[in-house]
Every structure is written in structure tokens, then in C-alpha cells.
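Next, two complexes with subunit A in common: one pairs it with subunit B, the other with subunit C.
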Partner chain A sequence: MTDAKQDEVDPNAPVAGMDFFMQLEYHELLCPVVREFADALMDKRLIGHRCPQCGLVYSPPRGYCPICVVPTTKADEIELATRGIVTNYTVVTPVQYYGQEETEPFAKVSLQLDGGGNLSLQDLLEVPVEQVHPGMRVEVVWAPDSERKVDDITNRSWGTAEGAIQGWKPTGEPDASPDDYSDKVF
Partner chain B sequence: MANDIAIVGYAQSPSLRQAELTEPQFLFPVISEAIERAGVERREIGFTCAGSCDYLSGQTFAFVMNLEAVGAWPPISESHVEMDGAWALYEAWVRLQHGDIDTALVFGSGKSSPGLPAEIYPLQMDPYTLTPLGADPVSLAALQARAMLDAGKITEREMAETATRSRKNAIGNPYAQVTGDDDPETLLKEPYVTAPLRRHDLPPISDGACAVVLATADKAKALSKRPVWIRGIDHRIDIHQPGMRDLTESPSTRIAGKNAGVGKGKVDVAELSATFSYQEKLLSQELGLGDGVEINPSGGPLAANPVMAVGLARFAEAARQIAERGKKRAVAHATSGQCLQQNLVAVLEGD
Partner chain C sequence: MSTQPAAVIGIGQTKHKKKRDDVSLPGLVREAAQRALDDAELNWTDIDAVVLGKAPDPFEGVMMPELSMADALGANGKPIMRVHTAGSVGGSTALVATHLVQTGVHDRVLTVAYEKQAEGNAQWGLAGGRSGGMGAGGIFAPWMRTYIRRSGAPEDIGWKVAVKDRQNACKNPYAHLHLPDISIEKVKESPMLWDPIHFLESCPSSDGAVAMVLTNEAGAKKAPRKPAWVLGTAMRSELGTFPGRDTVRPRAGVECAHMVYDAAGIKNPREQIDVAELYVPFSWYEPMWLEGHDIAGPGEGWRMVESGETEITGNFPVNASGGVLSSNPIGASGMLRFAEAALQVRGEAGEHQVADAHVGLAQAYGGSAQYFAMWVVGSTLDAVDKKK
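Up next is the complex of A and B:
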């Protein structure tokens, strides 16, 4: 809380601001469906639940379909492809704040997997941010066995698979046509 | 003059020390059950309002994810309060007064288990003088209890008796977390956690949820054989700085109770958000509840304290007393902030 700058402050000047740093820690149990998802990831498998009513695929599984408001169970589990199409992306330009580690702009992409299922907030590897575009065909890059950590997988932000997947890299195939992925993502 | 609004459905989750499921996951069956008990179609619901706290969840916009438990497609009309679900109920009550919709869904949910309440709660204080002190809820409650003891307004034995009755009442409550049949003498032998409070004077750390369905008069009569009418509802705030008020009084409770009409008839039962044991007597006195009033037959917050749902659960429990147990007139109370800073009071009646 105290730093060198404070020594330069005129002690008679009115207080204009004060630093107050704090940190909150949270420890949450992995919910059962996300635990199954995490176990599969450790096994280099990507799983999801297919809604028995509307057919939408959720990965990681939630245990319900929020569109139909029906529960989903182990019986609705399917294995997903580890190849897909970039459907959308966001370039994040880091603003430096306390605790921020990124310094350069980076992209997070949304993916539509071959055969169904979507993932969001994925890292794209080997592609400069200015070249990211919808339609790119990509495949998974698993983290090495020794580096895959179930601890990095949380209940938060459905769709992340940090700790198991390093990111996604281009397959080198021609771009998919918009017809292949439009109106399939919600 | 406000229109009568009725509670036509309610449901709760069990309160757990550490829920394995996520908030939307345990909200999912609770919301479905409340809607089913109300006998409405999900699509008929004109307005949805939720109460929860992102600081508790440790995630920004966590309340958006909770909407997945409602079924948000086709798009719904909804709102959120960063407060207990009881304040979401108040907002829905106001919304129903407009008269253009006839049904509303309200829910509250929270998981206290992932974080440390003693670290999170000081953030509700002002950031200049109070937050840096790190004054946690137990310390502040201990100050208030001490003030009441010093003023001769309560005794430690009365506090233990409240805890004993809460725990005994909770034995019959399937949603409760802390039950027991120890007598006050046994509890008084326990060491202090923060003097003058012992473990039984504190609420448990709980994860849980509650949902309530409201309807306007005509709709309620069509839906329910025994709608639970909200005859009056009001909420007030005392001064934020705990050092600037007399902690042995709760003027906000008194005013809210008067405006809600608590004194206009005989009260059979009251569900009070007395989160710490000593608060029950203070609240009862400010609300003018006499000896004949059954207080917290559910066990109250000393038996289950799902933060952000615990106040709304008082509405569900008070409504249960009328709809299922034949009581005529009930008081539901919710609180927020430190040392009973904010208070909401409602009077519920059966036909």
C-alpha cells in the first residue's frame, strides 16, 4: 500500500485519493457435469450434452437446456469433434491495471465444431490477430500430458477448457462457406 | 391505493453448507416447482425479477447466467436487484401495480460457501473509512448485541432461548441446515466466537435458493383456491454509518412495519430475518409483535441462511403458514446491510 510516491506527497495537501488493494479468494467444488467434462478433457476427449428436445449441443454440459428448460443427463452425453470452424472472434486490447498480465492484443474465438456443438472464448494459435476471420478451419492443440491440469477447469464461463486445451490451430484447408455456419450459433 | 397482489406459488432448495451444484443448476428445479405450484404456463409470466450478489459468486454478471434457469427464450421481460430476493419481490409487486401484466416470477439465490464472508461483506461499507477496517458481519453484530445487553434490552439467556427454539422448529423443516434439541443451558456453556456471541447466535453459512410466483387479484383467484394476499409492503433504511445510530433500536423496521399495516390486526405468525439470535427480540419489539405471535416456525435464518434468498424464503415460509397451515395473518421480514440497516416488512393474509 505504501510506495515511494507517497514520500513525494506534500503532507499538507488535501487528500485526493488513496490506494486500497485487496484480494478475494473463492474455492468452489466442480459441479458433477463439469467434472465429467474435465475428466474427458484429461483423456483428450471433448464431450457435451445434446438437448433431447431441441437438439442443441452444450459443451461443457450444463445439466439442462436453457432454451427448452428441460434437464439433460448422462444419457444425453455425446462426444464432439476436435475440429471446427471459427464463427466469430474478439480482439482484446489489454488495458494495464493491477494484476493484468497481458500486454499485446490477443484474439478469443468462437467455434462451431464439426457435427455440432459450440465453444466460445477459445485461444487461436499461430495466427496474427489481424488475420483472424470467420470461416477459418481449425483443429485442437491439446496441452502436453504433463501440463494438463483439471484444477484450471472451473464451473465459471461455460465453454472454457483452459488447463487441457492449449488452443486451436489452422488446419490449412480452405475457409468454410458462411452457409456452413450461419444461423447455427446462438 | 395499491392493488392487492397474491403469492400463488413458492419453492425452496435445501440449504447446504457447500452446494456441489452451481447457482443456475440448483435454481432450475426451484423455479420450475414454484411455477408448477402456481399452475401457470411459463410463457404467461409477464415479468421476472431476481436477487443475487456477484461478490458472493465471485464473478461479474453472474446473475445473467442464473437466468438460464428461467428459460429465457423467447426473450422475457426481466430485471435484477443486487439484493435479497425479497427486494426483487418488491420490484415485481410494483411492476404488477401497473396493471398491464398479471403474473410475475421472483427468485433469490446465493452461494456463500466459495468465498469468505468476513472478507466479502466489508465491501458493502463505505470505501473510505469502514471497508479498510475490515469490519466483518460477526464483529458488527457483536457490537449490536453488546449494545443491547448493556442497555438491558436482552440477556444472553434470551439469545440462547431464541437459538434453541429456532433449532427445534427447524427439525420439521426439510430445507433447514441446522437443527437440534439442546436446551439453553447447554448452549450457554459454549465458548464465545466473538463476545458476546456464541456459535448458536450466528447464522450458518449456506448455499440455497427460493422462488415465488405473484399474481394480480383476478388472476390469483382463478389460479389458487387459497391465494396469499400481500396486504401491505414497505421498506426503509437507517443511517449507513453504524456509529451514528442507536444500535439498540431499528427505526426503519418500525416505520416499514407501520406502513405495511402490521398493527392493523392480530398477527398469527411472523417469519423474521433475524440473522443473529439477538435480532429477533429487537425486530419483534419494533414490529409490536406480542406474546401470542409464533415467530420463525421454520427455524428462521439461524437454521438456514442462504444469503440473497433468506429474506425471500421468509415470504415463502409465511405464505406456507397461510396456504398450508390455516393461519390467517402473517408478517414476512427481510433485512440487508450491517446491523439491520435496511428492512422490508410485508403483511400477508389468507381469505
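Up next is the complex of A and C:
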């Protein structure tokens, strides 16, 4: 409760409710393929597994293709491009819930990487939010060596790679054609 | 598996509100359950089993609430279980209860779903409490952009859905939001939360509960009021994220719809369904689900909205109750769709009753639109046949 709020409270009034924040801190052991993904990020590399059966690329790798229900191994590991196309986006106006530091609208984008693989919920840098649009060509901006960390990577990771990647910035190339990305709507 | 008919003979819900600080969690579920029992004119001792559902525990910060709720639900000595499938949980919970009756395991089952979101912080829960978190709206917003781009829908479709559902809610005394002055202008001018979703195109955060009593054919014949017969049920899931996933038209949603249509003998959903309660927490989901469940063809969903077909007086009324856009106690929201469809075919929906509603569809979805639950209910066991 903030000080300002406390000032308004009548000390003799019955307590009807109070703010109570929970915190649960625990360490999650990463499964081996996700550990390799995290190590690669520290090395400024993005890796994935290409399913030997259907060819879909999973990044982070999962050690299996859930669609074909087949295992994937080190032999299926590929290095992904760190350039790609913005396929989709939203601009979020931050709601000031506990823990949110943003105060100004920010963009989150979905990316189709050149040569295969996709990432969702990525930060777009150096572009005013009103100029964000699908088709933009972007490249990775790694966090500086001293700040790069992979603490946010979990076995449930959706490929956000927060902590290692600061965001993505425009390459300045012309926009991609909608045919190149319109079916990629993750 | 041999199955027998199941029917809803009692329905009860609370007045959904921003904050129910007059009751505890058990008090809230008790209130809805008692109303469902009263509607069925049954006592707590008449119930054989209790099936409870709610969304993630962090929404209230009370872990495993089912443990402390068993007494409030008269479950001493009876089987009780909890179901959890994120936002679709209310629907899945009703289906688990239905299956217990259809398989003859129990004769009379009480099913309850609830959320008391004011005791927690839903935005925190949905966004994971981290800076830069998106919440559900942030996850769905890009998919809506894709729907708009693919279908060529004009931007006012979302606003129209928002106005329609809020106007319907004014006819539903249990709905959380009663906004009689809502207008297209107001929706359009409301703050943009997750582009293209405005504040007034988003669901509220509510406290509330809903309950139903389900029974078999013999039980339904003894019921004091008209039963709603369960003509078909379906559940499906898919992965929340995988390369090539079609998030605008999730395959699990298409398959779930076809499974429930087949189970109910429905060949042409748009013609044979009289009333639908679809899970629409953000306005654009109405046209998306009309297409995603093959009620409308590609690009036709938004045309149904535009032409007024989904209004209470239209050919295919959607969310006559005001829907999730008007009341969103998340764990209960799915079961509210199921209960409202049942109310409609019983002819007990009061001011928001759709005329001649004999076949109703209810749908709930959850997670990253990865869990689906649906049922079709009818005023009679042959309600669909009569439409052929």
C-alpha cells in the first residue's frame, strides 16, 4: 500500500481487505536441449531443431517434433538467421499492475527468420510505435556481453529469449512482400 | 461406451460484480449452487457428486480452494473433483459432470464454476507479474490483426460487437456491466489497450459463480421445470505454440465444432442452431469464432455482425446474455456460456430470451486458444430432428 493511500485510511475503521503480494522463488533445471539453446544465446547464436520428418523448425529446440511425434537430436540442430521479417505485432499500452516498469506504449512483434524459424513477443527497437507494420525487415540487437543473461529461459519458454536479446532493429531494406509472411500468424 | 441422455434441470448464478466483498470464496460458490438446487427443487442430500472448476489459483492467491470449499458445497462423503483447462474450464467442468450422468456413474451431479478476481490481480496473473508482460489481450491482439487483414473486415466490426453485447447485458440482471449509454463512438474513443483492442472491446474482471444440476432421463421427467437436454458434447486441444499454427482458425476449434455438430446431428449449424453463447472476451472473437467453427464461411463472420444477424433479434443471435464482454469471472465464464444456452432452450432467459430458441450452442476456449469445450442443448431430445 502506498503512503498516500495509507493517509486516507481511518485507523479505527474495520479492516475490509489488504494488499498481499506473494513471491515464489525456485530454480528450474533446464532440460538438455533448452540448456544448449541458452548456452548458444550467451554465445550470440540462435539455434533450433529442424524436424527430420516435416521440416518445421523449433526454437528453442524441444528434443522432439510434437506434430510428427518423433524425437529430434543434435544431428537436427541448425543455426538460425538473426535477421527476419516482422509478420505480426501489437502495441501495448501498459496497465500499471504490480511489477510493470513500462509507462509508455511499446510494440511486441512476431518474427519469421530468414531460412526458417520464428519467434514471438519480441521487442522492436528504434521504431516509433505508430510506424510498426508487418513486412518490416529487422535484425537482432544482442544485449552487451556484460549484461547478457539467460535467467528467464525456462523449459516452458515460448522463444522470447529475453535477457540475451535486447530487441530487433530495422535493417533499412525494403519491406517483404505479404506473400512471404501472410500465413505466419503466430 | 454406452451413454444415456443427460439434462440440465437447475441453473443458478450470482450477480457478477467487480468486487463481491460481502462473501468469501466458499460463500460465493454456495450462493450459485443453492440457486441451482432451488431451481431444480432439490436438496443438498439429493446430489451424488460435485464437479468444480476454476482458472489458475494465482487469480485469487488461494491454492487448491477446492479443499476448503467441499463443505460449502455439501460434499461430505461424496465424490468431488476439480477441473482446470484455463479459460475454457467452465465448459470442460460442465462436460465432466455431464459425462458422469451420461455414463450412469451418478444420477444427479452438481457442477459449479467461479472466480473471485478482486481477491487477486488478474492482470498480474495473466502477464506473469513481469515488466513487459502482455496479458491475454496482448497475446490475442496480433491474431485479430491477422483476421482483419485476411478477411478484409472493416474496423468498426469490433466496435459493433462490443455495443451489441453490452446492450444485451442490460437485459440480464446478473451481468456485471450495465452500460445503457454505450455507443460506437464511445467504444472507438476508449483508450487503445492492445492495438487493435480498445478498452471497451475488452472483458471486465469480475467476481462471480455459476452452477448447474445435471441428471438422467428419469430425473429430468421428475423435474419441476423444463429440462435442457444435452444433445452433444465435445472437447479438443492443441499445442499453444508450434511453427505453422493457424491462430486465427485453430484446428482444435474446427475439430471440436464438427465433433459437437455430429454428436447432435447438426448438418447446417447456421440454420439448425437458434442461439449461440460463444466465448468472446475481446470483440473480434465473435466473427473469428463464427468462421473458426464453420458457422460462417471464410470472410463471412464479420458480415453476419455487420448485417445484424448476431443481434438478439437476428437470425443467429450470439451472446444474448451479454457474454464474456459483460461479465468475466474467468473460471465461471465458460460455464456461464453453457448455462445461458440451457436457459435459452428452457425458455427461462427472461428479458434476454431469444424467441423460439430450441437448439443452443455453447462454446468456451482457454489458454492460447488451445483448449475448446462445447455443447449443444435442446428443448427436447429431438429438437434438431424437428428442424430437418
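Heads up, the rule we're going with is that the second predicted complex is superposed on the first by the 165 of 186 C-alpha atoms of A that agree within 3 Å, B and C clash if a C-alpha of one lies under 4 Å from a C-alpha of the other, contacts with A are read in each partner's own complex, and residues count from 1 in each chain.
By our rule, contacts are C-beta pairs under 8 Å (C-beta built on N, C-alpha and C of every residue); 3 or more make two chains touch, one makes a residue touch a chain.
Small disclaimer: the values here were computed from a predicted structure and weren't measured.
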Superposed partners subunit B and subunit C on subunit A - clash or fit: clash
Partner chain(s) touched by A:N155 [first = subunit B, second = subunit C, both, neither]: first
Touching partner for A:P71 - first (subunit B), second (subunit C), both, neither: first
Partner chain(s) touched by A:G17 [first = subunit B, second = subunit C, both, neither]: second
Touched partner set for A:G115, first subunit B, second subunit C, both or neither: neither
Which of subunit B and subunit C A:V91 touches, first, second, both or neither: second
Subunit A residues touched - subunit C or subunit B, whichever exceeds: C
First (subunit B), second (subunit C), both or neither touched by A:H27: first
Offending stretch of subunit C which, after superposing on A, collides with subunit B (from 8-16, 26-34, 62-70 or 116-124): 62-70
Residues of subunit A at both interfaces, subunit B in one complex, subunit C in the other: 20, 22, 66-67, 158
Residue numbers on subunit C that touch subunit A, as the complex places them: 21, 58, 61, 121, 123-124, 127, 129-135, 138, 141-143, 145-146, 149-150, 191-195, 239-248
In the complex, subunit A residues that touch subunit C: 16-17, 20, 22, 56-58, 66-67, 88-93, 95, 97-102, 106, 108, 110, 117-118, 120-121, 123, 134, 158-159, 162, 182-186
Of subunit A, residues touching subunit B in the complex: 18, 20, 22, 24-29, 31-32, 62-64, 66-69, 71, 155-156, 158
Of subunit B, residues touching subunit A in the complex: 18-22, 24-25, 28, 32, 42, 55, 58-59, 65, 67-73, 111, 113-116, 119-120, 127-128, 131-132
